[in-house]
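When the chains are written out, they are named A, B, C, D, E, F, G and H in that same order, and each has its own residue count from 1.
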């Protein structure tokens, strides 16, 4: 299934957000997620299902002013 | 001074961007005496650990120095973007504080006050404690306060410009019209005297980033801003003399000797 | 920083006139961290003890805090008057230091640079170490240095006016042309940000009197100026960024999220 | 003998500066003197003679900026 | 320069309030060379003829000098009030032009940019040609243009303050971002050099009232502003040299004589 | 306005250096309305005709427009040089007028006020009518007047810098202390609003060169300065209102409609 | 019938705006009218009816900046 | 005879300033002269004598600010 992750098209096999993120290499680290512009809290990722073409944003802490 | 019930001794807030190295960032934060540091969010790809690395440094500072983290919504150009980003920041940073930026124009990075007010309303309803980055516009300020903001962060001049206070009159009027609202100058401060001036005008605090991070010696500049903010605050409370147009002797002239 | 071979840590010098009380003067000196205080002379009638009283207070401060006394020739309108006063000050205060003021005009208390240079020549020949109160005029500065002055004290604005730096361009040029001469802004500083600005321009020290003495709370204002001078000095040495005409985001825009 | 002391005419009997100053009430305190515009150091006062009409300045420490 | 298709030679617009007498008003309008005069509406009781008297004077000027009348909505604090007033003005003055003022704050008389945009949208839909009195906010300016405004009237400083241009940076940014929109500085101009400066910054015109009407000699001041606006306009188009930090001899130094 | 008994209508004086061509110089002089033009002297080798060529152009203008020529001593660094140059200028240009420049420092081209006063004394004894290029120093001004100068030409900022008035306070004080002496701002004016400001401060005239000659369109800039000087002069005499800190409505609020 | 005219309560006998205005002394002059916040153009005044308590604004040209 | 003319050494045969100037090519034009720092007016040039090594300045009108 193709999904748009941070602006790049990626293939994932799982249709669960949590599992898909693991496939994409996101582990242990601190990050936040949104699917199609809606925030998906960490606690909800194991139940959030993905569909072909979904837009996923994965954001991590960075420097800010 | 308190922001949303949190008492702070230091009136300097520090941004964490653009430092030459994480070590210099950490030293600068310590040297500044700041109790609030701003942070942000960005895209991270799987396997990348940049965000994690940055966050572990800041977390340590936060823990060691008892800091508060103030996430921003930098780069957001609409209320919707800013709202989504704020929610993600709340989850990642574990704080209800959000420095709300809705940018309206890319050259000056000026606030879009329409998107700002809209986002502030929504976020406050969602339980956030909003620090809006705004202009000196009194009407906008009133609407932000009506929306439930308890702090305002007017710009001094464009972010990163180092120009100081572009509109002293407007900032004075803002201070005069909202004497009891915590007001923080948020952008454009370039040198310590700018920060002291802001405090002398009666502002409650100053947020600095670029002018520390891009100084030749950021740690020393952080020290300088720490002192300048105190100097300006003390100077304001000490009740300065009124400037005079012409001179008055500071040495009494009574009793002056005459040598002919 | 050294004046005539005397090393000083503090870059704030404080005048002793116009305080609400001797006690507040003493507290202000302490709070400021100043290591040099200025004093003057005036006529005293037999039996009067005002001068004695003042001097015993200052002497105690001088002893306790390790201060240097810098007598002035305030109110003198000719080289001759200033020279005579300087000699009397040397005897009374036991120092070769003299803050040389030759006033040329009574409203602005501006220096008479002609009398100033003449008096400086005579006094230096007589063994004085002269701190001339002068304008920002580069040619005058050159002549004072030629006469043997090793410190210059240009005015910021008229004595007691609190206007800050009237001619920033001229003061910058003075600093640029005499990079190795100790330069002290001597008059007109009104608020701490003025003092910080003077130091950011590269001046070596600032002499304050009226704006501390006439503040509602002189002791707190003295503290404020002490910090402001340090802030400006650190800020200058830390190498400030150049101001820009337009904005530059402090938060990196690379990696910015997109929410459609 | 009339002399001008700090701008006021005063009568003194002594023609020695040191003694005249004592007559005028200057004792112990810290001050500097000039006669006719010329400084007379403390050490020279016992030998400095006064004449009718001399102008004497007696200055003491004061506040200064 | 054209406003809504009306070509104007003069870049000075003149208000009609606060003159010592109708005769001086008339003379001032003539002396200024203005082709647009602003007027207003107020309550009139039956039998009163003040409005009629004023209008007959202005009508005569309008006819004799070929002026355009620009009614304002001064004193309106909401979009609704401003809209109603605009309609009444259109009927009385027989013009689709309206200087739209929605005041947001009574001390500074600053625009309420929210009410302003709302009223502009409605009035433009109703066929008006709107001249909005606004701030230097770029986002607000963009929304006013989107609403159909073809002229913007940013303030220089508060109405009647005579302070000149409070935020030169902001006004420059406004000019730079909307290079093809007629921009008129509408408030706060105090002396002719302020008006010249506004034109040198590239603004298209200036609207003056108080500083002419309250001058000791309004007619002469009107003349002065007429010339200042032309001077600044010519100066802008003539392409000024860049200011330099240091001097450059105007008299060539090549060929300088040497007298030893 | 009169200089040494010569009545002048125009308050703009124009330098003749650095124009793109003699034709543009001639057009600029005409466009400016100036009645006084400054000229200089330089070495010419035998057979060369540059000076002759320049002089024939200026002579024609002088004749056609009834101008006065004001030779300067530009580039002179000592009283002696300036005195010799002045005598040679008197012979060549056939006028007792001399714009006396004694330069003290090459980066800022600031006056050497010591050499200036010395040269002024000698030249006045030799029958010259001296226009000294000086600083805003009040004591220097007094000495120049004592020497017999009947006009003073203080600098606004360094020659050719286009920075405008660097020390407004000092220039105001100069004007205030010598209310009856013709005072001409001589250097540093960059744009028409600077010239208008100088006149509004009460100066009698302005001398411009570089900012006209180096404008993209010198002739139009000359026109602009001509108008600006008139605008500022009229504005000064018309008695401007005092600026106010906060706003006052220019439209009377009595009689304001109420639409609920 | 009592109506509020420019903020003052006034008695008028006519319930037509045009006639009421005449009663109130408005004649010939240039003015604009609004009733209860709605503009009533000059041409519509002869048909505009008034009710007890109506708020009438009558505005005339004045100086403006 | 060598003289310094406007900073350059030149040979002139005449020891009269007026004649020497003609030799050097100065004719008809408007200029002023100084010898050894002293002004020599036009009228005095025919009587002004030169000596070996004299410094002559010849100045003509130029643009000035």
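Methods note: contacts are C-beta pairs under 8 Å (C-beta built on N, C-alpha and C of every residue); 3 or more make two chains touch, one makes a residue touch a chain.
Just so you know, these numbers come straight off a predicted model, no measurement behind them.
Between the contact lists of chain D and chain G, the overlap is empty.
The chain pair with more C-beta contacts between its two chains, of C-D and A-C, is C-D. Distance between chain centres (mean CA atoms), chain D to chain H: 66 Å.
If you average the Cα atoms of chain B and of chain G, the two centres end up 54 Å apart. Centroid to centroid, with C-alpha atoms defining each point, chain B and chain H lie 71 Å apart. Annotation: 63 Å between the Cα-based centres of chain B and chain D. Chain contacts: chain F has residues 15, 17-18, 40-44, 72, 74, 80, 84-85, 88, 107-108, 110, 159-160, 163, 173, 209-210, 246, 250-252, 255, 257, 259 touching two or more partner chains.
Counting partners per residue, chain A has 6-7, 34, 37, 57, 59, 62-65 as the residues that reach two or more other chains.
Interface residues of chain H, counted against chain F in their complex, comprise 5-7, 21, 24-27, 29-34, 37-39, 41-42, 57-65.
On the side of chain E, the complex with chain G involves touching residues 15-19, 25, 38-52, 54-55, 58, 71-72, 74, 80, 84-85, 87-89, 91-93, 159-160, 207, 209-210. Those residues of chain B that touch chain C in the complex are listed here as 15, 17-18, 40-44, 72, 74-75, 80-81, 84-85, 88, 107-110, 158-164, 190-197, 200, 209-211, 213-218, 220-221, 223-228, 230-235, 237-257, 259. The residues of chain E lying in touch with chain B in their complex are 104-105, 107-108, 110-114, 135, 137-140, 142-143, 157, 163, 166-170, 173, 176-177. In the complex of the two chains, the chain C residues touching chain A come out as 249-252, 255, 257-260.
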